[in-house]
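Chains: A, B, C and D, in written order; residue numbering restarts at 1 for each.
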Amino acid sequence: MNETTVVEYGEKALDRPVMVVGLPGIGLIGKLVAEHLIGELKAEKIMEIFSPQFPPQVNVNPDGTTKLVSNEVYAWNGDEKAADMLILVGDSQSVTNEGHYELAGIYLDIAEKFKARRIYTLGGYGTGKLIEVPHVLYATNKADIIDEVKSYGAIFNEGELSGGIIGASGLILGLGELRGIEAVCLMGETSGYLVDPKSAQAVLGVLSKAMNLTVDMKELEARAAEIEKIITKIKELEQQQQPGPKEFTAEDKYIV
Amino acid sequence: MNETTVVEYGEKALDRPVMVVGLPGIGLIGKLVAEHLIGELKAEKIMEIFSPQFPPQVNVNPDGTTKLVSNEVYAWNGDEKAADMLILVGDSQSVTNEGHYELAGIYLDIAEKFKARRIYTLGGYGTGKLIEVPHVLYATNKADIIDEVKSYGAIFNEGELSGGIIGASGLILGLGELRGIEAVCLMGETSGYLVDPKSAQAVLGVLSKAMNLTVDMKELEARAAEIEKIITKIKELEQQQQPGPKEFTAEDKYIV
Amino acid sequence: MNETTVVEYGEKALDRPVMVVGLPGIGLIGKLVAEHLIGELKAEKIMEIFSPQFPPQVNVNPDGTTKLVSNEVYAWNGDEKAADMLILVGDSQSVTNEGHYELAGIYLDIAEKFKARRIYTLGGYGTGKLIEVPHVLYATNKADIIDEVKSYGAIFNEGELSGGIIGASGLILGLGELRGIEAVCLMGETSGYLVDPKSAQAVLGVLSKAMNLTVDMKELEARAAEIEKIITKIKELEQQQQPGPKEFTAEDKYIV
Amino acid sequence: MNETTVVEYGEKALDRPVMVVGLPGIGLIGKLVAEHLIGELKAEKIMEIFSPQFPPQVNVNPDGTTKLVSNEVYAWNGDEKAADMLILVGDSQSVTNEGHYELAGIYLDIAEKFKARRIYTLGGYGTGKLIEVPHVLYATNKADIIDEVKSYGAIFNEGELSGGIIGASGLILGLGELRGIEAVCLMGETSGYLVDPKSAQAVLGVLSKAMNLTVDMKELEARAAEIEKIITKIKELEQQQQPGPKEFTAEDKYIV
């Protein structure tokens, strides 16, 4: 395989769908949201993307069968309230620089093929510290939809994201703009150290409002509760190690 | 040389052979098994693969002559019990990401050309600790041959290999599945620190059963015994350094 | 997007312009000068260059809108004293080795299209220490313009720049020579640790003389003054930490 | 510039020349020998090779003019004793893996164009310690010229070079063999820490014998003497720091 290959599974009629992109990234937030949506909506797999820009790897299922690293596109037919949806999810982003550009171009081809009305790319925003109530930040390639996006609960403070947005989540906005495809990136605040289902819940909350969707969040809540327990444990352990009278440790490397 | 080049040495008729792949990897297990098989079966070299995806290197033979880094394909005509065989062995895997995909594709082209009935890729599974009796793990791209593979002595415990299988051994399964070629990866448990002929023996044991082969293992046994001696020595040295009363060392970096 | 793409915004007539290149590099000197010139001269954006050789990134504007990483070309119609100008500025240089060569070739194509009479590439020269009065060093791909360049105030001491000039600033000279395009690199001395508007001022001084331009430097002066304050603060703090009787610190790692 | 470009300077008739390759590598030995030969023989530059596989860099001459990183081919018409010669020398080897293969292929194209009778690639062999009398090791892609090569003073001990030969020096042998071009690699023993004109002298001694050349070595001897002085100085300094009563230093990190 020398070129990126898109395998299509039959035809699927969609009416100007919204495309949601949840690829692996900080806190795994985008991927958690996309997988949760696919599960809850019982979306249907319509495409699979293989690429020499992905790592040379198979993943192993619980029964010992293997699955080549890929990205997948799922489709969902909306209802009287919510628009049709394309959901892009996957095992990996590109591992090469040029590959990022190539793959983002292919995702936009898919959006164009289905005449997608908008793209939401989902990700995390690393803050370096544990966040009690994660905000959801937005960025967009179209100034005149900012008020709309704010109305869904996303925020943006001047000076944030000064390092830019790296990877598919950002590139889809940048390359999308050149093609006239409107796109919004929603980023949940997250420490950056852990898989973060709580921040994923926050992102899903904003996305649900934007899509006029009602999605059961029980599974994400359960996963968030688990992670919460782990964090509490870590904090307890840290407190037990609070210094009474100072003692030397290998980490100190100095003498009083 | 700007492209991967396959040099063929004459024609060789094979009847739906099994392809065995033993390239360098953890513990050198796959390579040890493949080279042992080639030697014992007196298999015949029929192809050599050169590629700008391999390192820019020649190896030097004991007499000072050089050999460009390559992969090689050997052929063996089976007998009334064992099927014909193709054995892929070599000095290196690809050093670039895309090269892994390109080369795995070329290996599958060779399998298809010879109408290979199945591919076994051989490798190691690093456990991080010394293993007394190494198991052989399997993974496969075809669910309905799992019971057969288990009957040869390979095992799989749910949750293992959660990091996936990286490199040619995995990619041949992943890309093979897309082409409808059934493939099994056999991985010998190994510490990850040493060349491991003992684990190679275990893998060869499973493969021999699968192939209905009887192969003399003396050479592998001798190499395993040598390595065993080295390990015993290391353990002795470690025990002699067991701490009596604690003394400061350069590693301690602190003071009581 | 699999290839570097140049988007042109209308036609612009220029009479044998001088091309000025200010891309990100040490001390951000070239970029500071080029952006300052664009602002002061109210130069007009005529081209934008996007490339898979740039990082896969969008930058985020203060209002939350995004901008794909790019390089931009601005044009300015000179006056009775100063020649017409092309100014190349941008967010990034290539992140791949081959990309550097490809992009430098594209910049030279643009220079040739406009029949540029000369190219000035601007950058910094890292000295590793704080510089009170930064000199401006030159290098050129054409020996017989050296005296002219010196007359603008740039200097060169034998043995300097022995490590060569890396990146677009150098490559445009090297590849330009092969095409018969004369080019000069102007490098402001800089510590290498900080954005350096003071060194940018020095480079702009030389360039203004070369271009017969009068440019208001107030903005650069203000930024230089700010950085100066920061440096003074750092020096004060360092002096306060001057050792009286030696105390142990984590950095010492030893005992007297 | 998107592709490797060979610029030819006029025609030069050569009668089955020997090609000598001295590119940058360990101890700069190959480059020192090739440059010395070019200077002493007053060889004529006939080709220059530019490539996006080289670093994106210009070097700066003592007068401030620049020179794009390249490789160069020089030609020399032999005499009644010595054969004609092609000498390849340059600023850099490829910085990418595939580039190494591409460039070695181009060097072999040049050898074939001139019907070169043999190629000598020159380099160093790092031993990790200072060598008083450096040997010259050989490796070759043709077994039946080993005795001849030994007669010139090069040696080879079984088990040496077990790590192979990496880069152009090795690849020219490997790819040359596939094209039926006989080639020898001569490697001077060297510490690996310093430019090594003394080892270059040793390699030039073997090459001169092989070529039936008489070359003045004064310049190399002078450079070797300079380096020798530096080494002596280093050794003196080390001896002065020999411990009398042990004192703690930052390097010690422990306490007796």
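We adopt the following convention: a residue touches a chain if its C-beta (ideal position, glycine included) is under 8 Å from a C-beta of that chain, and two chains touch if they have at least 3 such contacts.
All of these numbers come straight from a predicted model, not from anything done at the bench.
Engineer: Without counting subunit C, go through the other chains and collect them into connected pieces.
Structural biologist: Leaving out subunit C yields one piece.
Engineer: Answer with same or different: of all residue numbers used at the interface between subunit A and subunit B, are over half used by both copies?
Structural biologist: different
Engineer: Which chain has its C-alpha centre farthest away from the C-alpha centre of subunit D?
Structural biologist: A
Engineer: Which whole number of Å gives the spacing of the CA centres of subunit A and subunit D?
Structural biologist: Centre separation, subunit A to subunit D: 52 Å.
Engineer: Taking each chain's centre as the mean of its CA atoms, how far is subunit B from subunit D in angstrom?
Structural biologist: Centre-to-centre distance between subunit B and subunit D: 37 Å.
Engineer: Any chance you could list the residues of subunit C touching two or more other chains?
Structural biologist: Answer for subunit C, listing residues that touch two or more other chains: 252-253, 255.
Engineer: Chain adjacency by touch: line, ring, star, complete or other shape?
Structural biologist: Basically the chains close up into a ring.
Engineer: What's the complete list of touching chain pairs for this entry?
Structural biologist: Chains touch in the following pairs: A-B, A-C, B-D, C-D.
Engineer: Of all residues in subunit C, which touch subunit A in the complex?
Structural biologist: Touch list, subunit C to subunit A: 1-2, 7, 50, 52-53, 55-60, 62-69, 95-96, 248-250, 252-253, 255.
Engineer: Spell out the residues on subunit D that touch subunit B in their complex, using ranges where they run on.
Structural biologist: Touch list, subunit D to subunit B: 94, 97-98, 100-102, 104-105, 138-143, 146, 156, 158-162, 164-168, 170-171, 173-175, 177-178, 185, 252-256.
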